[in-house]
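Shared between the two complexes below is subunit A, which pairs with subunit B and subunit C, respectively.
Showing the complex of A and B:
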């Protein structure tokens, strides 16, 4: 298990390095912030002075090397537009984003699995049709539109929730629902199809014929259906973090999504890089957790350990499900 | 010297007669106004903004906190000197800072912390008499050292927006506590207006640069209290402010950043905010039926322009022919764009100048919509098959729906046989390539009235070495040079007028539409008057709560 985790960790680091490199050079391809920061009537000499001030006069490889050195010591650099260290902006921003994404995720996971399982156990009943319809809607309605409708109904007309911001405890409800809708629908659909498949297995038939209590049957089926759902949930959580860009702007939520738009408009290279790095770290960490969870749930994934392990092998063969197909 | 002094004062405090429409910015439109007027009779108090007189504004408001939903504060600099990076940072500059000369609601410069000033014969040394008895936010007395500290501070290259100013300043001398002399390297006619807002020099020396930026101390009508990045900034009314007319009747002003317009409107409807800035014509038209919400309009806040890049380059191009450019203007039904796309919250400008621009000539009339004449002009010029690219940004604070505006223009051009291809880019990429002169054909730029109040700034777009220039024309260059040397504002005004007529005759740009700035205010607001020509948020010292 340790070796497995170690490999995963190294892979994550390599991915991070490549992403940092790509972002560093991509951001610089469409020009720099000099023209945006200097007064409109600045002379070429003054523009050069600004460039020197921003450190953009040095060869790009030197800038890159300096940046990497800073990164190793945990220094994300200095925001050229806000004129404060990048970490002063990204850390509180990420906290706000994480809060929103995690609440949305819990909401999507709990409701998604429940709705998906319900639909599968009651397949081809009105319940099933209802869940499937909601899932199709959830996947096809754009989140910003859903957000605007929710605000119009629950804030403006009913006055139940604030229209934006994070000032009160109930502020998170509407943005979290808007953000979660897509993930909820995806999780519900995948849960439904996996559970349905599991229900048609010989193993389930056997359990049924043996007269296993329905509650126990549900637990067994759900447990054996959990692997693809865990994978999808991990990917969806990552997507929730990046999906906050739209939702944060709509709900004026002070997270990194809003910050990202400011950074891009201001061509604030250090800030753009900082946001991408923190987002990447979160994504890599999530995939890492999913991988470890996978290993725990299915001993065959950590095969070398499994051969020595004492855990029971699962009695079914899990069909690899193409997660991307249902995302 | 006395002549120069007199002349300077005249220009700075508004050398030409004030025009009615500039002042009367508060407009409540149509049915809403009627409904509000009727409602007002019942409740006994005026509720329509344009009905409010002095008597309706309480001495001390019941609502001690007002929250303004703003689209952006950009980098949210709390420091009024740093907050000079374009109009989106001005709300702070104007709230926390108080300069030597300030802009009034007609965007005219009037004395603030300086009471009088004179310039030496060579036009290089400006001597300012400072206002007596002014308090800074920390309770200290304002003096010449505060002016000096602020000017010397911006010579640090990190104050990029003062790069031009700092480069032109030679030295600052404190003559006595209430007199300061600023010398420039060359004659510098706009020096008094460009000086950064004074800062509390003792405090600055004590806490240092870094801490000062986090907790600035200046002399503006609002004190900085706290802020949360990308969320909000909290200010407090400065009750010892020198100008009693600009002290708020409430305590706390919260500037809440809400990037999405529909959320600002929703927030106003739920009462989460009291004022929503940056209302688009579409929303404004919808809100006109909402009885609890009033609209405030600042006329001619910005203009949307099509400019022709080819005039900057030596190569031949049909766009270099003034008649072709005139045809491109005649071809566009600008009134229709103002009426339908901008729902009447816009008008057709005659030329590039604004009512707030010095030397603006109101006698010029906009070229009419005349596609037949346009076609004829193109045919005469041998440019019937005109083709070029129109490059633009997908969004700008200065012009709402800039992309739709460009699409409309291209549509009208098509009708006279001109084929313009649209190339829409993100603002940062686009502006960078404009500044670097990497584009050809035509481009779109928004011009904020505030920037164009000083006709010298037209150099940015039409002077050979202007940052966003699209033209190389020796005649215009001479005008800009003469303006910058004109110490007598009457001379400057005359040149500016000439420049306006020349730009009009040459059709160097196509002024598509002149747009109003629209705010929506809720029931807690007693009074709010907007600055003419300002498409950005603020200033908030005219805001009064109920």
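Showing the complex of A and C:
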């Protein structure tokens, strides 16, 4: 398990390094980096000053090395529009984003698994049809349109929840629901189909014929259905973190998503670069956690024989589940 | 499907589900047909110029509401632009972006899948790793960097979507290619002196078409939502061109006072995506290729 975790950790670091490198060289390749990193209204003299100050007149590999060193010590450069260090903006922003994304994730996971399992255990009943209808709708309605409808109904007409900001404790309700809808629907659909498949297995029939209590049966079936759902949940959690960009801008939620759009409009590339790197870091950390969880849930994944060779990475693959092994 | 070669595969245990879904999704087909029609001929049937301001008639309601007129059938927005014409123009944008991104990404994905799946070995391992990493990177974040560097345009939207979508095709199709490559009839064709090109063109490609079709249909919904999100954020299709996403952004403050400004693009977006998804689900169940979820 330790070796498996170590390998995954190293892979995460390599991926992060790769993204950082690509972002760095993309910015340098798309023309004069000084123009990207200096305030948009700078005069030629100021541009020269910025070039010297940021060391952009030095060889590119020297700059790259300095940049990497800065990253390791938490220095993401200076925002040109806010005129403060990027980390001062991105860290509190990421906290707000993480809060929104995690609340939405918990909501989607708990409700999605519950609804999907309910639909599977009561397949071909009105409950099942209802869940399936909601799931298809949830996957089809864009989050920002859903958010606008929710605001019109629940904050403007009914006045139950605030329409924007994060001033009160209930402010998070509408953005979290709008954000969660797609993930919830996907998780519900996958849970339903996985549980249905599990219910049709011989081993479930065997348990039934043995007279196992219904509650125990439900637990067994759910546990055996958990692997694909964990995989999907991991993917969805990552998607929620980037999906906040849309929701934050609709609900004026003070996270990195709103910051990113402001940065684009202000042509503040240092800030964009910082946001992308911190977001990638979070994303890779999440993938790592899912990988480790996967290893804990499924012993086959962490066995060297399974991880060697050209097998696909388990994080993004719905692994076939051999139920006879787990029960 | 005369080109399909019968494959020897054990029937999957999904017969029960298939029977429930065998009804043809007429609604989705009709809606997608309408979408394609508007996407191709939208500019010809639009009653007005979608970017023409008419401040004297700003926020005119649809024709059936009080104060509405048949000049502007679905009303106008805050700048007096005709909503119907903008909807049609938005359909063109969505159609172009969705079809463009899905076709290009499909072609790249198929190419990579054939290369990786057929060749195998190190190249396969490398390409699979690249596809995995590319898939792990979130679309919206990718869009933020690309737009920050290269500005906003329809082309950029398509490029971002292609970058985001191709790995999905590559991954799913690769495993299909490997499966088909090892089928007896492909092996036999090689034994009988057929070369790799023959095997790929004659056997493998025709057999991955159903999977490709299902993936493409499911990706259309995703592409439309992604384009809408980017335009809604103001980093997609630049104003004043109409896209359903930026129409919604324009109309977000009018939900109460002039509902027709946001509601029509919202409905158009939802129904189009819903239809694409339902059609994709139906195709998947009917053709039953390797895709799941």
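By definition in this document, the second predicted complex is superposed on the first by the 265 of 327 C-alpha atoms of A that agree within 3 Å, B and C clash if a C-alpha of one lies under 4 Å from a C-alpha of the other, contacts with A are read in each partner's own complex, and residues count from 1 in each chain.
By our rule, a residue touches a chain if its C-beta (ideal position, glycine included) is under 8 Å from a C-beta of that chain, and two chains touch if they have at least 3 such contacts.
Everything quoted here is computed from the prediction, not taken from an experiment.
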Touching A:152, do we find subunit B (first), subunit C (second), both, or neither?
both
First, second, both or neither for A:249, with subunit B first and subunit C second
both
Which holds for A:134: it touches subunit B only (first), subunit C only (second), both, or neither?
neither
Which partner does A:102 contact after superposing on A: first (subunit B), second (subunit C), both, neither?
neither
Does subunit B (first) or subunit C (second) touch A:199, or do both, or does neither?
neither
Kindly classify A:265 by the partners it touches after superposition: subunit B alone (first), subunit C alone (second), both, or neither?
both
Of the two partner chains, subunit B (first) and subunit C (second), which one does A:164 touch, if any: first, second, both, or neither?
first
Who does A:16 touch here: subunit B (first), subunit C (second), both, or neither?
neither
Which subunit A residues come up in both lists, the one for subunit B and the one for subunit C?
30, 36, 148, 151-152, 156, 249-250, 261, 264-265, 267
Flag every residue of subunit A that touches subunit B in the complex, lowest number first.
30-33, 35-43, 45-46, 49-50, 52-53, 81-83, 88-89, 92-93, 148, 151-152, 155-156, 159, 162-166, 249-252, 254-255, 258-259, 261-262, 264-267
The answer for subunit B against subunit A in the complex is residues 72, 74-77, 82, 85, 157-158, 160-165, 167, 213, 228-231, 256-260, 262-263, 266-267, 269-270, 272, 426-429, 431-433, 435-436, 451, 457, 459-460, 465-468
If you look only at subunit A, which of its residues touch subunit C in the complex?
15, 18-19, 23, 26-27, 30, 36, 124, 136-137, 139-145, 148-149, 151-152, 156, 186, 189-190, 193, 196-197, 200, 232, 238-239, 241-243, 245-246, 249-250, 260-261, 263-265, 267, 269, 272, 275-276, 279-280, 283-284, 287, 310, 312-313, 316, 318
List the residues on subunit C that touch subunit A in their complex, please.
13, 16-17, 20, 124-125, 128, 132-133, 135-141, 144-145, 147-150, 171, 221, 225, 228-229, 232-235, 245, 248, 252, 255-256, 262, 266, 269-270, 273-274, 277-278, 281, 292-293
